[in-house]
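Labels A, B, C and D are assigned to the chains in the order they are written; within every chain, residues are numbered from 1.
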């Protein structure tokens, strides 16, 4: 009988031993011989095709492996040379850009970065290739063609003025790729193929575990960092391990227990906890359109400016920020971030005044019903807001808005659904009347991306059925921003647009949305690029502090 | 014979703790088994005979407790043994032959593994030696081809074979005593005889004391040296077999004796002689009834006529070429062992299957299984009263159902009619509000009979309708059926494996074996001068031979 | 069930928990005076006399959200079970009673239902029907249809072979009468026991849907959603997940326990 | 099983597969929005609806459904799984990457679950004192939301106690907690069925006979009860497989493991029909295979079934 009992008990024993044998395996990823930084990312990348790399996880990878023609300082937003040896020569109406490029740069597969290659890059990014299911870049507008002038000079031609182009060349959406990589179709940029994406950046993708992790190694012969950078040559660390950690609690716990070095997307309530545990919180503004509620004024209820003003006056942003967010989330004073190009303070339009809100609604003829919700001509004042899934705590924000607006008699409902459903519904004014959104881009153009009917059209200014615009004046201003060759004109148009947005109460800016990272104290030099994607080039591990922290 | 090597139980009391409180199962039970002798404990269900047997081998259920008494095996008081000590007694000292051989072998172990298990536990024999011993044992208990059987699984053996295997397993460790708990009640009567013969022989040849638990006084009388009669957890009578049977002292023993069909040869009620009784002197195959009908114009047309009935299920032939007639107001018995095709025939008569070939005529018309009208005339009573009543319905609803379905009486009369039929089957009309779970087996069977009779049928088929019941209850039901037949002029087809019962109640009989009708004729004639050897062997196997022969008296 | 069963402490406890849950679903106001929909004091407060379960990430009283969430959760579970029970039992009843090709066909359909991963099935159904508690419940219910159908069928088949069914035909009952009066009532006990188990599992499945972001739309208080939303703060505010989790466990366990009692009695 | 029965069984299985495929295709086609919208209508791409329609034509998604159905069916039959619309990744390579991880998780969770179930059954049979407590365990285990178990296990075992890393773990380490998480809800029904069937077997007369041979408790249990009691537990294995796949979705999401579960959730979120069809095909094939295996295993464990099939 003992004989029979044995295998079972031995299995159990082995199992218990197995678990305890793994005891205390906690170690810092960077403790290994090489300085490898473990980076915890809530999402895995979906594509590494630069024009489609807006998604956080995509940009987070491309920013490490590609170089750009120009470099944009994340703080001042000023452009400076990188692969281009100097700032481009631009013609009078901003339809021709001439870049002088370095000739000593090679891709990680050994192929040289040539003028032909640069033109090939922008021809693809500017025009896309339908047959390969590759789209053009939203940031490169009116692109006509590129030309190789000589071996170190390229020139790009535009059908209309494209003043945003210089900045566009600095973003990871215009990261330069080798010829072989550019010949791929959409499949070639997909997960599973990351090691075949060849850039000239300081890191090279070495290994990919699909939907789980990505290992990048420092490139030994890297020697073409932006001219402005003090640090030249190879990256300090030996590599980066991107680890998918979708659960917030795993990222936080991973940092606290020392299993990870950096984690992206730290929710506001957790910041304090991490700081108490000795971690650094690094936040960076996304330098574009603030996190805001955009009112689709073509909706019959919202077409009355008094209703829009009432909503603005009825929302206590301080309470929202205090309850839900932290110091990393500054209150917004305009549709643009205070650090964005062309920012104008419009805070006087966004004052919390519930009495005024009530008054405005009364004046507009909205009468409170039995349940406290107002209605007019039998129509309830019920408005639907989308859930901005990628934005921090969107659901909670809307919950607070719901609560606050209910007090002045407006019912807010949350449009349920996953990303695909939200995307589909957001184009339908009958489904979403108030859009919760933000756009990150460090250029004047960002307002156009946000509002223009050819772009995101967050206000749904364009009626797709009739082809008519709700507010042609706004559209005109946006086009001025994007096509005025002179920077002063662009800044002025941007200021006008911001004022118009405020005066016409088209949107309520909530806060300047940052990207928030939790960073181990022994990591130095961690930076974000101009819209908050991580940059590991200057990161180094302070081994003294690393030992201290253990 | 000394008391020191006997198994002696004195003043045993066992209680069960149940959700309804503590129940006294047996009390003041004293008995002894001497080496080489059989002591039989006889009783009906609930008499405590099984509890006594379980106590004697230490296998009482977890909720049972011995509250008084001793059980001595030589010097050892079994009542005080720990689990570990019991493990050394069970097997080498006391063996068990279980009740139902079909469920008593581990279905996923080979015969060899089961038989050698005891050797494995208690001896240090090598694997080969064990195998040799097992094969020897199998041979001894009369298993053919033991080498082959050794590797077979229980389901590949017949019930009788399995019981032999279990006897071999019990004998493997050469115990001093064997508890045989109803060792044959799940077996056919002919098999029962051979198994009992085997036990009988082994106790002589190996000087094993046997505690035989049985419900059948006739079996006890045939085999036992001493008999203990139990009822309601108490011993009613103890004594030598001969004296208990021939001169019962206790009134309960007397009733058991009176109710046991196989012991009541003298009291077979005189059946009315059947008009135009079947003359068949040969097997029914030779002369079919309808052929005879031509020559016997004077006879009234039979109520039921089965002609060349054959039923096949796929490749399997359950019944083949069965023919018999049943006259109105008589009882026809179909008797046979399990698998003989008797139930198949009965179900076809009741219209629950259509014959593959041949025909069944009721009042001269072919029975149509789809006809609802047929149900008004022919009813079936099932063997198992526990599955034949819908547990969710009260007795009243069950009885009212056919009345409503056939619209036999107006709504207002239903209640009154139900009450009348409950009275008819000797149940209080109050029972109408009870559910089957609240009734005993006998009461349930009465309800089932009432349900069959309430439509006032002409023919009732009883499919082993009394075989699940205790003898005393069985006897009551049989008397009830006789009375009802008289009162309502009913015709019965009575299917049974029990020849003693059949002999007691039927006018004509068909003996079936392996789907064939091997004998057909008037009951008295079949029993007194059977023509087929099979019938002969069946009759010989009826227990109670010793009693009927009067050899018990001579034994004194 | 006899009275002794009801006296077992575990049964009493389980019954009390379920009764409280049902009460909370019907009259939540009895248990709490806080508003489940609007924030009171600060967010993520730890449990106190004022806020028994603390406050959630928006500053709402968690205890009152759990209480008010009872209705949505129990309603959801109820709908889910009803969908599975009714559709599954009907399918199983037809298959078991009819037999032949219809049985074969229905059982293959059940196979198909079982071979599509249940979560994929329920997510698709939600996307198809639209978001919301009832739709999520229907989606969960559809995934249990197969289980119910199989059980009901096997019950019907085993009950059909009992003598009283044939006896009912003998009593002149029609096929339909036999099915509804005899077979169905006697097949139901294990099916009901399964329903009780499914009730618990439906609560859990709904909470998984909430976890994946396909549950009831905010701000409806619903158990799954409450835990799913709070999980991000487990390192800092463990009570947000643990306390509502304990409530779910208590209710699901009680339902399971009673189901086992029913099952045991039925055996 | 005779060869004929086996073929019949396989034929039936193929039929179920085809029916599953068809039903899934219809269901997924009926969903609002589609993969093209999910990818290309994303606002940061700024594509107009004309451009999106052109892309749709490029994917062949503008053809009638019936054509798409046969195209995709033909693809699967010829082993061409196609490409994810969302990412453009080859589905075959996605599956090749995801399946081993999920299988490893599912199998180790299943083995763990069997061990839990056995331990519970053994403890319930052997220790009368703890029986009440032990029998309550399955109820508790089945009442825990699986993602909740996972999150709490990560916090306690990995972050607080530091026994197993969650991030940067070796393949074996990374299997421990997820397998544990997934095993708990699977173990519960298994344990319940096992305990119940042990009770049933223990009531069988043959157990008394074995006891009457003087067998010890462990011999009775391990030598006689267990093998008989495992049979009913085996039959629910096929049903439990569905739970395993469903549980894998949640477990993989919580632990950030790449696998079929995560692939499924991502694909649902992106209406990535080609990927979902592949998931359905894999899951249905596994389901059918496992049930076939259970059917084949039955006669091995139960000699009674062997006989019937030979006859």
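One rule holds for everything that comes next: a residue touches a chain if its C-beta (ideal position, glycine included) is under 8 Å from a C-beta of that chain, and two chains touch if they have at least 3 such contacts.
Model, not experiment: these values are computed from the prediction.
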{"item": "Chain pair with the higher count of C-beta pairs in contact (B-C, C-D)", "value": "C-D"}
{"item": "Chain whose Cα centroid lies at the greatest distance from that of chain C", "value": "B"}
{"item": "Distance between the centres, which are taken as Cα means, of chain B and chain A, whole angstrom", "value": "85"}
{"item": "Interchain centroid distance [CA atoms averaged], chain C/chain D, Å", "value": "21"}
{"item": "For chain B paired with chain C, centre-to-centre distance based on mean C-alpha positions, whole Å", "value": "48"}
{"item": "CA centroid of chain A to CA centroid of chain D, Å", "value": "37"}
{"item": "For chain B, residues contacting two or more additional chains", "value": "none"}
{"item": "Residue numbers of chain A (touch at least two other chains)", "value": "247, 249, 253, 256, 418, 421"}
{"item": "For chain C, residues contacting two or more additional chains", "value": "127, 231, 234-235"}
{"item": "Of all residues in chain A, those that touch chain D in their complex", "value": "1-2, 4-5, 8, 11-12, 15, 18-20, 22-27, 29, 38, 40, 46-47, 51-52, 54-55, 130-131, 133, 135, 138, 185-193, 209-212, 241, 243-247, 249-250, 253-254, 256-257, 259-260, 418-421, 423-424, 426-427, 437, 439, 449, 454-456, 458, 464"}
{"item": "Contacting residues of chain D [partner chain C, same complex]", "value": "12, 15-17, 19-20, 23-24, 27-28, 30-32, 136, 139-140, 142-148, 151-152, 155, 159, 192, 239, 242-243, 245-246, 249-250, 253, 264-265, 268, 271, 276, 279-280, 283-284, 287-288"}
{"item": "For the chain B and chain D complex, residues of the former touching the latter", "value": "57, 59, 83, 86-92, 94-96, 98-100, 103-109, 117-118, 121-122, 153, 155-156, 166, 169-170, 173, 179"}
{"item": "Chain B residues within the chain C interface of the complex", "value": "19-20, 350, 352, 372, 375-376, 379-380, 382-384, 387-393, 401-402, 405-406, 448, 451-452, 455"}
{"item": "Complex interface listing, chain D residues touching chain B", "value": "204-206, 208-217, 219, 223-224, 227-228, 301-304, 307"}
